[in-house]
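Shared between the two complexes below is chain A, which has chain B as its partner in the first and chain C in the second.
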Partner chain A sequence: MTHYILESKHKSVTLGMIAVGVLCLILSFFMEPDTLTGVGADGHAINTHARFWTNLLHNSVFFTGIAFISFFVITASITAYAGWYVAFKRLWEAFGSFMIVGLVFMMIIAIAGFLHVHHLYHWGGNIEGDRILEGKAGFLNNYWYTFGTLIIVGVWYFFYRKMRSLSLAEDEHGNAGYEHHKTMRKWAAPFMIIAGFTSAALIWQWVMSIDGHWYSTMFAWYSTASWFVSAISLTILVMIWLKSKGYYQEVTDEHMHDLGKFLFAFSIFWTYLWFSQYMLIWYANNGEETIYFRERIDNYPILFYGNLVMNFALPFLILLRNDTKRKYGTLIFVSVLCLFGHWWDYFQMIKPGVVHTVHDYIGHGNHSDALNDMEGHIDEVGHGASEFISGFTLPGFLELGVFVGFLGLFLFFVLNTLSKAPLVPKNDPYLGESLHHHVGYGGGNEVHH
Partner chain B sequence: MSATVSPIREPLIRGSKTYHQITEDLCAPTERTPSAAWVIAFILAVGGLATYAFCLLWTVWNGIGTWDLNRTIGWGWDITNFVWWVGIGHAGTLISAILLIFRQKWRTGVNRAAEAMTIFAVVCAGQFPLIHMGRLWLAFFIFPYPNTRGPLWVNFNSPLLWDVFAISTYFTVSILFWYMGLVPDFATIRDRATGLRRRIYNFLSFGWTGSAKHWQRWEAMALILAGLATPLVLSVHTIVSFDFATSIIPGWHTTIFPPYFVAGAVFSGFAMVQTLMLMTRKILKLEEYITMAHIESMNKVILLTGSIVGVAYLTELFIAWYSGYIYEQFAFYNRVFGPYWWSYFGMMSCNVLSPQIFWSKKMRRSIYVTFVMSIFVNIGMWFERFVIIASTLARDYIPSSWSYYWPTWVEIGLFAGTLGLFFTLYLIFVRVAPVVAIAEVKSILKSSGDQYTPSTRETVGEEAVRKSNLDY
Partner chain C sequence: MVHTEGKSKVLYGLYNDDEVLLKAISEANHRHLDIMDVFTPFPVHGLDPLLGLEESRLHQAGFVYGALGTLTAFLGMSWIFTRDWPIIFGGKPYWSVPAFIPITFELTVLFASIGMVVTFYTICGLRPGVVNENLDDRISDDKFCVAFDTTHASDAEVDELNDFFQATGVEEVNTKWI
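Moving on to the complex of A and B:
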């Protein structure tokens, strides 16, 4: 089977997932936790619908990132003269197509920010008197957020369309001179540089600025590594599903083994970045920085430690052996774990900061004086510990539902893109290498075929 | 049978070599009388080594007061040199371990010399922490052991101590890795030698016979060591970066330091590999084994890591502004516009701007440009460490203690002297061991020899293929 056919069954399953997501998103709009609502001076109820907005932001950032990093992997592989992945590069091309959908979601959030509809960002409200946020206002403002997002994701998508059309053209008109591939190289390398700078700028805006006072130079690389592991996990899952339907028989245990190696290696890499960031902040013991982790360890211990168990301890121990990277059972298990685990990671990056911003806004805990915000934070750690906030302290059913919905939407676009071109590209100069790929594993029991 | 190779992949072994020719070519430098070029280079290197010995004695005899360090600037050229040399010592293990795991075939042309260079660079690096203690004879105090000094232990909380462990581990594993690769090649030399020379290489090759079992164990060992060495490539410079980043000194305490130091280390390591390989391939006539394809690949790594370092520099600058923390902002303002602006300028232009010329394929494949660039990067990475260390310390919280630092002749002599030490070791190495790994190059002949590679097969001709098939 050279072409993937988008069967009506696949369509209805993904649409069903989307329906679940929409339902849960709507419910989360109305099911704001009590502790995040308040009463204004004029007696009006204040509801910022933070649960809804955080769910939207969390999943938009997560899945846009997966699409972006999948495309980034293609450009990196082309630049590095890699050959092994070519047989299934169409899958990563399909992943990349979601960027445009992600852009739409991020624009919704951006425009809502302009209209002061949500209170996701510490800098989004009235920052008068907050000297730290005033100092950052040149970067943390709605104009930067909106146009930065629009231009940067727009540029990414432009490069993506260019590469995709070259890849399709290569199928049609590829020749012995490999002109298309050579042109692709010229587009791929600059994209890596652009992506290196711009992804950092976006992550600072989208995620790091939620905790507006806090900063860490590592943050952008850390969250990009999180995207990367998620993308590899999802690649393995979709690939195994496609193979079970009879597609991609060219993709063998050898390729799965290498994907498994990537999952293993970058889980460790993510942990390396996590450790470097945490350890340096812990060691220097500087209150402005430690507050970020203090908050999470005290009030969100399951999020904090679960992150390490799911994204480091388990994948490390399971994938350490050679054969677990070739068995579908273990691969599926670890991929589900890592995909969920890194979604969880973004959850813990996003939710705790928003709780503070909303508390500030509704005047919870009487620390509306922005100058004393730091004391306010510390104060809150004290009496916030006993408080369980649905959809914030831990992901609830609605959060899981929204995740399922976004996953459905992602898959819908991916499968749709996948159905539009042959699964295995033609005329790629490295195709032969990919079809004969062998990792040199001599271990005993070959499980499949 | 030849492997499936992409029609646009370049060959990595030129000259339609046969297995026998490879042995001949690569053993030859150890078997002939040294050339005049080698002798001159060796005399110069030993001269440098003598300078080092003299300045070392001078420092130990007269004390650290012979340097220009002062109360404000407690670390100067000493630690700058230390970090610079450790960084250079990263390329070898990256090439031998990480590129082995990534199955990069071009590693076989350069891994032996790069690993040797790594070991020699770490030897040079190790000098400086010892010298800068001042009282060299108490250096063993850095080892944690039950002692007669009362309950006086090393400070386990200090990254400076972690450095001792990290670097000695790295040094040990690098030597193991290097020596293990040398065993089959020493056996090859042994089999061609006679007399005392044969006896020496017989001892060095541990009774290697080349049996299937030997090779099987050798390959298993290579993978295990690669697995162990890969985290070490990251950990060594990570811990070096902790020396700075665990402090609360503005400009030092920044969370991006670990991966950024590692990228910078790989960057400088590859530059030094280029410097050495360009000279070595010319003098030892190894152009067919260390080809333009190797040089181009390494230039790409230099471009990539240089750009990663560039992203990190700009991230630091931006976040310093973003932090809203005036001391952090001042630290970076001072780096760019302060009294040491010239070292920041040198760092930026050598590390970030100049490698960008490698976007051009023509430049990547020019020997002269590559050589000049490799020197630039070596200089730039030295400046980077100087910027981080001296320019940051020179402007602390109390303006009355602000200071300026300029090295004395002793410090300059020590640095220049370690270059002598480094080249002395390297020049001895090229005389006693094959500079290119014979066995490993042979393992890629059928996939990457120019008579087998689709992109060059036709130009080389069928005759060459027939000849090399007959040979085996």
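Moving on to the complex of A and C:
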């Protein structure tokens, strides 16, 4: 089967997932935890609907990142003269198509920030007298947030459309001179440079600035590695599903083995960055920086340690052996684990900071920020946040429901894009290499030739 | 007079191309010929399974060496910094696990890599001062060699091997005591 056909069954399953997500998103709007609501000076109830907004932000960032990384891997592979992935590059092209949906969601959040509808960001409120946030106001403001998001994701998507149309044109008009491929090389290399810098700027703005006083130079790489592992996990899962439906028979155990290696290697890469960030902050023991981890270790220990178990210990030990990367059962298990694990990772990046900002806004609890800690109020760190807050301390059913919804939306767009072109590209100069891909795994006495 | 004591009489054929070599080995398998060894100037894809070579167990040894490195580093530092010579660094506790991790990682890599190199050299008989005799110098340049041990082979068997070489497009066939 050379074309994927979007069957009505696949449509209704993904639409059903979306329905679950919409329902849970609406419910999370109305099920704000009590500790995050308050009463204003004029006697009016204050509800920032933080659960709703964090769920929206969390999943938008997560899935936009997966789409972005999938496209980034294509450009990196083209630039690196890689050939192994070509047989299924249409799947990553399909993943990339979700970027435009992610842009819409991020714009909703940006505009809502302009209108002060949500209180996700520490810098989003009144920052008068806060010397740290005043100093960062040139970057952390609603104008740059909105136009930065629009311009950066817009540029990504522009490059994506360009590469996609070249890839489709190569199918139709590809020739022995490989002109399409050569043009793609010219587009791919600058994109990598642009993407490298802009993705860092975006992740500072989207996620790191939630804890507005805090910053880490490792953060961009660390969270991008998280996107990368998620993208590979989802690639493996969708690929195994497509193969089970009879598609992509050209994609063999050899390709799956390499995807498994990517999953293994980037899980370790993520851990390396996680640890580098953690250890430098732990070692320097600078109050402005350690508060980020102090908060998470004290009040969110399951998030904090669960993150390491799911994203390092288990994938490392399971994928260490050669043959586990060729067994679909193991691959499915580790991919589900890593996809969920990195979603969990973003959860712990986003939720604790928002609890702080909201408490600050409604005047609840007795949070001291890093600046005050420096002035001697260390005892108050985290005070008032140690109680269990549903949807914040741990992901609840609504959070999982929103995740399922976004996954459904993502898959809907991916499958829709996938159905529009042949699954295996024609005329790509590296297609032959990909179809004969062999990783040199010589286990047992299998005869391959 | 060639000195033959403790040596094998090797009949070997040289091929020009790795694809031809792979086809020849398939043919040898088909004819149930007992190949002694194959020498190539670079790793030829798909050669191992054709020769029925089992997957190397070197990486399993590597895991053991790595684990040894992990334990050496972690237990070593734990002992040094809590029992043998406790020093406070930057107000941190004596048993500062995060600070041990980089060194633990480095020693894991060091033990695994050095252990595997030494194991590999030992298995191959490559020790300092050893002189290995080559069947033919060109097998490290541009020729692909299939070798048979014919020390105890009958004339009929040698004829059979020569037949095989001619049938599979060999460039050159030689005999050498090695």
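Quick note on the criterion: the second predicted complex is superposed on the first by the 423 of 449 C-alpha atoms of A that agree within 3 Å, B and C clash if a C-alpha of one lies under 4 Å from a C-alpha of the other, contacts with A are read in each partner's own complex, and residues count from 1 in each chain.
The rule is short, and it goes like this: contacts are C-beta pairs under 8 Å (C-beta built on N, C-alpha and C of every residue); 3 or more make two chains touch, one makes a residue touch a chain.
Source: prediction; values computed, not measured.
A.B. asks: Now for A:135: first (chain B), second (chain C), both, or neither, which partner does it touch?
C.D. replies: first
A.B. asks: Is A:333 contacted by the first partner chain B, the second partner chain C, both or neither?
C.D. replies: It touches nothing on chain B or chain C.
A.B. asks: Check the contacts made with chain A and report whether chain B or chain C touches more of its residues.
C.D. replies: Looking at chain A, the partner in contact with more of its residues is B.
A.B. asks: Applying the touch criterion given at the start, work out whether A:197 contacts chain B, chain C, both or neither, answering first, second, both or neither.
C.D. replies: first
A.B. asks: Of the partners chain B and chain C, which touch A:221 in the superposed model: first, second, both, neither?
C.D. replies: first
A.B. asks: With the two structures laid over each other on chain A, which partner does A:440 touch: chain B (first), chain C (second), both, or neither?
C.D. replies: After superposition on chain A, A:440 lies in contact with both partners, chain B and chain C.
A.B. asks: Between chain B (first) and chain C (second), which does A:288 come into contact with in this model arrangement: first, second, both, or neither?
C.D. replies: first
A.B. asks: Do chain B and chain C land on any of the same chain A residues, and which?
C.D. replies: In the superposed arrangement, which is not itself an observed complex, chain A uses residues 279, 283, 440 for both chain B and chain C.
A.B. asks: If you look only at chain C, which of its residues touch chain A in the complex?
C.D. replies: Those residues of chain C that touch chain A are 22, 26, 45-46, 48-50, 52-55, 59, 63, 90-92, 98-99, 101-102.
A.B. asks: Show me the residue ranges of chain A that touch chain C in the complex, using the header's touch definition.
C.D. replies: Residue positions touching the partner: 275, 278-279, 282-283, 285, 320, 322, 438, 440-449.
A.B. asks: Taking the touch rule as given, give the residues of chain B at its contact with chain A in the complex, in rising order.
C.D. replies: 3-9, 103, 231, 234, 238, 242, 245-248, 253-259, 300, 307-308, 311-312, 314-316, 319, 322-325, 359
A.B. asks: Touching chain B in the complex: which residues of chain A?
C.D. replies: Counting only chain A, the residues touching chain B are 79, 81, 83, 131-132, 135-136, 139, 176, 178, 181, 189, 193, 196-197, 200, 204, 213, 215-221, 268, 272-273, 276-277, 279-281, 283-284, 286, 288, 429-430, 432-433, 435-436, 439-440.
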